[in-house]
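Below: one structure, written as structure tokens.
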Amino acid sequence: MENIQTPEIAIETKNLFIFYGSFAAVSEVNMKIEKQKVTAIIGPSGCGKSTLIRAFNRMNDFVPSSYVTGEILLQGQNLYGRDIDPVEVRRKIGMVFQKPNPFPKSIYENIAWGANINGFKGNMDELVEQSLRGAALWDEVKDKLKKSAYELSGGQQQRLCIARTIAIQPEIILMDEPASALDPISTLRIEELMQELKKNYTIIIVTHNMQQAARVSDYTAMMMLEKDGSRSGTVIEFSETKKIFTNPKDKRTEDYVTGRFG
Amino acid sequence: MKQENTIMENQLFRPLDLKKKIRPGESVIQALLFIAGFLSIFITLAIVYELGKEAWLFFGNPDVTFAKFFGTTEWSPGIGKYGIWPLVTSTLITSTIAIFVSLPLGLAVALFLSEYASPKARSALKPILEILAGIPTVVYGYFALLFMTPLLQSIFGKQTVEVYNMASAGLVMGIMILPLISSMSEDALSAVPRALREGAYAMGATKFETSIQVVLPAALSGIGAALIIGISRAVGETMIVAIAAGSGPNFTFNPFKAAETMTGHIARISGGDLSYNSIDYTSLFAIALMLFLVTLILNLISQGIINKFRQRYE
Amino acid sequence: MNPKRDHYPEGEALHYSLNRRYRRASIWQTLFFSALVIAILSLAALLYNVIDGAFGYVAFEYKNDPSEFSAKPLDDLSKQELLDILKANLSSGAFTKLENEKPMDTRSKSVLYTLLLERLIQIDTKQTWSMTDSIFRSAKIKAEVAEKYPEAKLEFRSWLTPVFLTTPMSSKAEFAGVRTAILGSLWMVGIAILFALPIGTGAAIYLQEYASKNFLTRIIQTNINNLAGVPSIVYGMLGLAIFVRALEPFTSGSLFGVTDSNGRTILSAGLTMGTLVLPLIIINAQEAIKSVPDSLRQAAFGVGATRWQTVWHHVLPNALPGILTGSILAVSRAIGETAPLIVVGASTFISIDPDGPFSKFTALPIQIYQWTTRAQSEFHSIAAAAIIVLLILLLTLNATAILLRNRVQRKY
């Protein structure tokens, strides 16, 4: 297979449109997302951030009316190609959701489950410990691995969800407002964690919190509803975070990041 | 102009009284409604009192001893045989068969409908289950006696399978309970939040792995509640066993033999000429009281589980 | 931590393991689907079994030769000729009795024909066959009949006929009908609903609109849910103890001067059945009342209405379709219930129409039960015919309920 992409690109969208029925929730997105960097997607609510990020691991497949045109390329393969298995896509591109959603199982099983179904062959105890350490949770739960995950606090649950995602060792981790349901201290820990994680993973994060985007991300994509009144969202500006926050090209971006946006 | 002024003045000087007034009509209505609401409690008390009173007479009979009741295996109060076991074992056997049919089938149907069927297929298939649930049990009795029994006889031989037998009653009872278990289980499955499914899918799980390993365990308590209600229904079901299971207490563990259940016994004896002060009469109430208590406890447990389950995901 | 991706299958191995997972999943999915197929097949088998029983060959002999009464073949007789034959051959007492029940010349031709068969020619049924047997083993059946009952006639008949619906009970299956049973069921259900609907709706109004959320209310609610799960035969025992026995002066009608009955009347049965469906009606009415939007109540209170005015003028009219739907479901439950009726003492054999709440009674499911448990196959055939009548009745009721429900759903 020819490899036309430069090695730094983790995933790329080409002329991507995402529809719910006849309604194009997201229009014409072209992005190249760099490997081992944190890319933030920001924008007002309802502009299609969740829709876009969920397209990256085909979570929108579960909305019966939804479909996609254009391409999302992972190592040259279109995720929406005919012969692509969405299960394999999700195996490679993990996701952390807005509200922590651990399984109603023990802390240990929460991590071991994904590994098991994906045919993990190594030492499970080791994997659980590594993953929990990787999510900065090990010290807090190492004595109660057999306890139900529901006994953890919301912040701990969210880190457990990150741990179970890194346990299956994906290429990319998607996070849809992972800290919006958490208190400030838990939020801070998640943000620190992201800096750690980007050493090994490519991270795409949706946030509506400007400061958070500025703090954690290397690149930022600014999404807005299109001006034509179609209620369709698109990426109006995508570049280094520094540039977005200090020297935006688009007037709307400037208004938004400086808080002048309604 | 002048007239308007007087109206205004009248309104201004109308005495304002905001004190509570007694409205006799409202109070009477409220009292009647309260009585209607309270009547259900009265019904329960009446059941307990009436069944308890006659059962008390039965157990108060010096001839009926604890040792005879639980220690012997023949039931015929008219001639002094007070061993309850034949009625209990046949009730247990028919109910067990029914549960062994309805639980796996009902659960599988629920999984198929809630996890696999398209909304269109679901709305086409569910009415079939509703029809099954709406068929009177006497019709199931006909089906058991005139379809299931001949079917069993043609499979296992007429020597093995008696005309009246617990197996065909139990099997048909299982079909009767299936819609109940499947609809309660389906409710439990679809109450599992979407976030949990998405979490599993995002780990690279297939639909099947998600359904069986994440959704099903999360719905387990609701399915348990369905199971318990199913047992309660099976224990209390009358017509199928009255028609197909046999008409005479018989202490046997062979499901292909005839044996009368507690409910079947009540139906047969009370259907005949029964004099009010006989031991036959009081014994029926003793059996009915046992039935009532068992089903009451099962229903309470099931309801408790459902309430807890509901809280968890709200 | 360094991701060690080597512990997971990659590339070809991943494809292979995924395929294995999919295969297992599809096996299970097939199993789940077969459970549904089994459920559907059971329903089909049940319906087939009933229809199979209600049509088919019957072998019968005439006790008296038809030529004794008429030179023409029976089928060619006109109504007047039938009437003349009956008049000529029945004893005058028997004829007068029939005339008194219903004037003979107002009866239809098919009724007179049946009377001729029943009273004069007198049919003796030898054997009946199911519809399937009659169709696929017709030759064999004919041979069998010719050998076993050389005198007998073989006829393919439907046991479900208009006459079946309009004739009362009879001890001979060929002439039995469900008229008495249908009337009994209707009386019983009517009383049950008259009793349970106002009380049930009142209870629901109390619980939804008046009761504060306290301990007592919770007890009442739990109790109602539990009553809905009490086995129906227990309600039968309650009815036996209270309505049949304790309230006998009332339910037998002796308080009102009726002398010829005991407590085992339609009234007792109706009240028992009303008690049985009461929790059902309450729960459904509560749901209906709950679905009335709160804004409506606030609007009424806002213009100074009292609580009852609000309920009566706004909540109830809007909840009415839902309450009616619930009552229809309760009616179909009551129509199919058998066990409580056995316990409160449905009569096993009556052939006169019930004429009031203090009549003895039988009901459709009771007849089905009676006939199913008879040994002779012709009774199974009329049991099947009665089941078809019952199922059609239930289907009509439920279709009405569904239509009502859909209308409600469209509204909000």
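Per-chain numbering from 1; labels A, B and C assigned in written order.
We adopt the following convention: a residue touches a chain if its C-beta (ideal position, glycine included) is under 8 Å from a C-beta of that chain, and two chains touch if they have at least 3 such contacts.
Source: prediction; values computed, not measured.
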**Request:** Name the shape of the chain contact graph, picking from line, ring, star, complete and other.
**Result:** complete
**Asked** What pair of chains is linked by the most C-beta contacts?
**Response** B-C
**Closest chain to the centre of mass proxy, which here is the mean CA position** = B
**Fill in**
CA centroids of subunit A and subunit B: separation to the nearest Å works out as 48
**Message:** Centroid from C-alpha atoms only, then distance subunit B to subunit C, rounded to Å. What do you get?
**Reply:** 20
**Asked** Cα centroid separation between subunit A and subunit C, in whole Å?
**Response** 59
**Fill in**
Going by residue number, subunit C touches two or more other chains at 18, 21
**Prompt:** Which residues belonging to subunit A are in contact with no fewer than two other chains?
**Reply:** 87-88, 91, 117-118, 168
**Fill in**
Within subunit B, the set of residues that touch 2 or more other chains is 206, 209
**Fill in**
Touching subunit A in the complex, subunit B uses residues 119, 193, 195-206, 209, 213-214, 217-218
**Fill in**
Note: in the complex, subunit B contacts subunit C through residues 23, 25-26, 29-30, 32-41, 43-44, 46-47, 50-51, 53-54, 104-106, 108-109, 111-113, 116, 125, 128-129, 131-132, 134-143, 145-147, 175, 178-179, 182, 206-209, 212, 229, 232-233, 235-239, 242-243, 263, 266-267, 270-271, 276, 284-285, 288, 291-292, 295-296, 298-300, 303
**Message:** Touching residues of subunit C toward subunit A in the complex: what are they?
**Reply:** 1-5, 7-9, 13-14, 17-18, 21
**Request:** Mind listing the subunit A positions that touch subunit B in their complex?
**Result:** 57, 59, 62, 64, 87-88, 90-92, 94-97, 99, 101-105, 113-114, 117-118, 161, 164-165, 168
**Item:** Touch list for subunit A against partner subunit C, complex
**Value:** 85, 87-88, 91, 117-122, 127, 130-131, 133-134, 166, 168-169, 200-201
